[in-house]
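Contents: one structure, followed by commentary.
Letters are used for the chains, namely A, B, C and D, taken in the order the chains are written, and counting of residues starts over at 1 for each.
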Amino acid sequence: MTVRVAVAGASGYAGGELLRLLLAHPEVSIGALTAGGNAGSPLAQHQPHLLPLADRVLQDTTAEQLSGHEVVFLALPHGKSAEIAAALGQDVLVIDCGADHRLTSAADWQRWYGGQHAGSWPYGMPELPGARQDLVGVKRVAVPGCFPTAASLALAPAFAAGLVAPEVVVVAVTGTSGAGKALKPNLLASEVLGSASAYGVGGVHRHTPEIAQNLGKIAGNPVAVSFTPVLAPMARGILATCTAPLIGSADEVRSVYEKACAEEPFVHLLPEGTWPTTAATLGSNAVHLQVTVDADAGRLVVVAAVDNLTKGTAGAAVQCMNLALGLPETSGLSTVGVAP
Amino acid sequence: MTVRVAVAGASGYAGGELLRLLLAHPEVSIGALTAGGNAGSPLAQHQPHLLPLADRVLQDTTAEQLSGHEVVFLALPHGKSAEIAAALGQDVLVIDCGADHRLTSAADWQRWYGGQHAGSWPYGMPELPGARQDLVGVKRVAVPGCFPTAASLALAPAFAAGLVAPEVVVVAVTGTSGAGKALKPNLLASEVLGSASAYGVGGVHRHTPEIAQNLGKIAGNPVAVSFTPVLAPMARGILATCTAPLIGSADEVRSVYEKACAEEPFVHLLPEGTWPTTAATLGSNAVHLQVTVDADAGRLVVVAAVDNLTKGTAGAAVQCMNLALGLPETSGLSTVGVAP
Amino acid sequence: MTVRVAVAGASGYAGGELLRLLLAHPEVSIGALTAGGNAGSPLAQHQPHLLPLADRVLQDTTAEQLSGHEVVFLALPHGKSAEIAAALGQDVLVIDCGADHRLTSAADWQRWYGGQHAGSWPYGMPELPGARQDLVGVKRVAVPGCFPTAASLALAPAFAAGLVAPEVVVVAVTGTSGAGKALKPNLLASEVLGSASAYGVGGVHRHTPEIAQNLGKIAGNPVAVSFTPVLAPMARGILATCTAPLIGSADEVRSVYEKACAEEPFVHLLPEGTWPTTAATLGSNAVHLQVTVDADAGRLVVVAAVDNLTKGTAGAAVQCMNLALGLPETSGLSTVGVAP
Amino acid sequence: MTVRVAVAGASGYAGGELLRLLLAHPEVSIGALTAGGNAGSPLAQHQPHLLPLADRVLQDTTAEQLSGHEVVFLALPHGKSAEIAAALGQDVLVIDCGADHRLTSAADWQRWYGGQHAGSWPYGMPELPGARQDLVGVKRVAVPGCFPTAASLALAPAFAAGLVAPEVVVVAVTGTSGAGKALKPNLLASEVLGSASAYGVGGVHRHTPEIAQNLGKIAGNPVAVSFTPVLAPMARGILATCTAPLIGSADEVRSVYEKACAEEPFVHLLPEGTWPTTAATLGSNAVHLQVTVDADAGRLVVVAAVDNLTKGTAGAAVQCMNLALGLPETSGLSTVGVAP
């Protein structure tokens, strides 16, 4: 079986990571590569690490260029996906790495992103309770945000088992690639090197409602989420420290997490006493978890490490493509990081 | 006035930072420099950045070498300070950068550090309510830990004003120098570069009881502290994200912090909308704060940036020396960081 | 075909990279994993990024443990390989990632490494003139050093075409992983972060004679090599700036390099005007080259980027295994880097 | 004595470093701060590390705003300085941190920068032979480029003593701040972190003729300079590896360098066997040098470390101000770095 895929937004970081993974996928043939302002330039100028595609030239991101593929990955600025998807037709598998179709609530969309809600698509996090089977055979997938991936997979087992109260605090250290290639002063190397900085503080980061949506669905009740991202001097990686008041038994915590991870191909509970590092997940689709109880503070503490571009974006997209197409879920994906 | 000072532990990072600051202090003459295993070797081998002291040779850390100075700074492994201090006599100002005399509770010391509690000394954080005047004229100072400095100064105004409930979550990103020069595998550059990692998770880091002690004293009641340090690929700096449930009025938050910082020479509330970066504090004794309310989560969020070696250790030590000796509190200290 | 391989030195950086590549190799089954001081501990403790091997325990590095495999990779401190290899027998393919069998001159060995020369093995750089066919079917391979890989592949075409005089200057910036996991003070993250430093200056680095050996063999005459490595704050990657006086025609330079790279699967000449970055080679077996002529200075300038652990060590080892066994040379190896 | 100074280009990195140093200068009062596109915005927005100036607002860079000061520092894009300087009058000390007045040859200017040569000013590198006295009392100073500072101070003693042939190879690793705050894709943190890259290769970097000018003046003959800058993942610092064929006696090398450095307040020859690190010079005006002879290659090798923003730009500017005004040369400047 060979699946012909196109990538829209191929000159950005998410697009580059999609191509890196798709080049290693045994069932995929890479078709059109499109971009916005970079259309017409060689891919090699933007993605010098993708040598097998060094001869490719970027085309315009239009439905015409993207048509004729079985799968189209969209790695576009938010607000751009719905129109393209509509033009591609319902028999094409469209996998949106952007935010447009993640939130189920139009009111939430309006508040956090502004403008018209494009509607929600099947949410591409197969590890959430009941989610895997719902992705089989679908033709539209909303790939989760990178922070919601880390935070949701960290806390989903606890909420599913009723271990914690719905008052979550998440502080997530992130590399810079999550912010994309936009030329912003605070993303200059001179500003980032040797420095840690918080941003989107006070619940204003757009990934906040997505975390609340995921955990609330499991809890069956609203979950209050205090989320703070912190930018650190590394290109990739998210390390999310996630805590909530413990209301269940501390004795059950480890077995709950062991069971939750046991069958998951990409979610890995580390041996007791070992804590996650983002380096160990670099370039891999794995999530590394560790959990403990802080008895003095009365809180469960879970730490999750993911590569924001792989499991946090492009790896999840490929994983969902596999599920949607009926391929083995792990095809073309690795749990091996590039370290050190 | 010229004060003759000695530094014990001069080959380590805290010792080096003390010397960097003391070289710039207008009232100080640098006397004995001592070390443990590095005694006998040139200081230049360990501190190549301190050119004016390039000819110095490290002596043994003994009371004999340290005697004859008006001020002795101790930057030693914990458990080593009490004996040296006792031998130096009560008329010498001894400033302990280590942990030995920070905790007031012998039970806490026993639990967190083990061994015999050496007793507590005046705690060197003049910005805490009522603390400044208690440091004038003292002959012993316990310099606060680096994380407690960031977390306590971030939350002290909120507790003093009754704005928050005593359930605190602190996640603090830190550079590697806080761990000192010990040769540990996880501190190798190859392990740290490109990676974030949590450690001491679940309330087991020794700075936890110190944060609780500081905040509890202000609150007048015990404060539960969930504290997680995260190691990031930078040599210096702490960025502490500190949250607690808001119980006071959100409208008062900013004015409370403005008043708390107004008279402080080293604690600076950033303009609204600007968030701290550790780079802006590098090498300075300043604490950069920003505060906001997350109405959805019902929490106050304060972010603090400090240089762990300066305000977090050596700068606080010099600040306390100034207060103890009756010098201007800011003498030899700067609020200007080295950036980018 | 499934080849059963063992890795000696599996807890180090070279060993970890070998395992990362071997896990992705379609014809390989991973057998014994051995170590020195780390024998008896779980591999996961040392290589948390290798999830598929998380259950393995390290065994002692002895001929007994390593026997019974068709291929044995040695990633050992220098001086340790000869004895093990002798015990394994001549029908086992032994691939030595260490230095023991690289230098053909016993006098050079004696001068640069000291002790008894173990003899030289077929040198595992198939891209050198005439070298590829000599590796087919061999049972012993000496994997080149990381710096010699970058410098030799950068300058080999120029020497083969007679373009340059034999007075070479190489300054190579390197990440820290090349130094291994040894606990040395100058390799602590606090020392490396934010800092560049030269070491082994003045022709004393042990890779100097290996570069001279490679280039001298092509030139047919001794080549003087001034080599300076510079440590930079990154975990992986070598960027080698290589210059020599131009004695051929500047007009031929580009075509010489184009021809030299045209058939090579792993040596890639970048488009004119584009210069290599180490990031684009991270985790890949590719060498990125660019060449120009400095007419004012009368010198050819070639810049080469490689991943020191992949093409600079473990990737070359796998490439040589493929050649030795008659597998496709690129099997299990990628030219795709992990960027950003 | 209080000297009133203005800084044009105060929102950039060079401008920020000037202000950091001027705040610590005992004889200086800081007057107008001007900018181009950032005029009208608070300085704190661009230089959050300069707390004592947090209330300042940037004015337009015009002669009117800059007039009324005894000293005006220009940190402007090249081509902008001559007009401003002409309007300020000959009794104002104008110190140009830009390139406009460094090159003495109009033909060189035309070739390397293009456009009309603005003429040359006294060159602000007092450590060059005979240069110091020529700076006393001047009213115009051209501050040297950062790479020429490192390379010229590294090799000046060798050329002055006739130790080397005029065929120089310089490869200089640099932090990102030398490129300023311009929003260029290759300066994004995601591109720089974990990566080394060469640029301006083949003698096309504009600092090349300045190095040749400095060394040629000492040698009394043209000096061929092969110069390659390499960008490394650090914000500050230059580590220049400088080599040339040795034609003098190897035995004299060390004493030549010892004598050359003996009286210099800012150029420091490290103890034998110790090699420079950029970290040790961070924020200081010191140049750290080490020298050796590579007998096999027949070359002198000198490694120099400087902070590109301090001794490489703003520190040299202040040093020259001191000389021009008759203040102590070291006033307001430190040889103490901020490390680690």
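One rule holds in what follows: a residue touches a chain if its C-beta (ideal position, glycine included) is under 8 Å from a C-beta of that chain, and two chains touch if they have at least 3 such contacts.
What you see is a predicted model, and the numbers here were worked out from it, not measured in a lab.
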| item | value |
| --- | --- |
| Chain labels contacting chain A and also chain D | B, C |
| Of all other chains, the one whose Cα centre sits farthest from chain D | A |
| Separation of chain A from chain B, taking each centre as the mean of its C-alpha atoms, in whole Å | 37 |
| Whole-Å gap between the CA centroids of chain B and chain C | 45 |
| Set of chain B residues in contact with two or more other chains | 13, 175, 177, 190-191, 193-194, 233-236, 277, 279-280, 282, 340 |
| Chain D to chain A touching residues, read off their complex | 13, 175-177, 179, 181, 183-185, 187-194, 233-235 |
| In the complex, chain C residues that touch chain A | 13, 16, 20, 23-24, 42, 44-45, 47-52, 54, 177, 193-194, 235-236, 268, 270-271, 274, 277, 279-284, 286, 288, 334-340 |
| Interfacial residue positions of chain B with respect to chain A in the complex | 167, 169, 171, 173, 175, 190-191, 193-199, 201-203, 208, 224-226, 228, 230, 232-237, 239, 241, 243, 275-280, 282, 290, 292-299, 301, 303, 305, 340 |
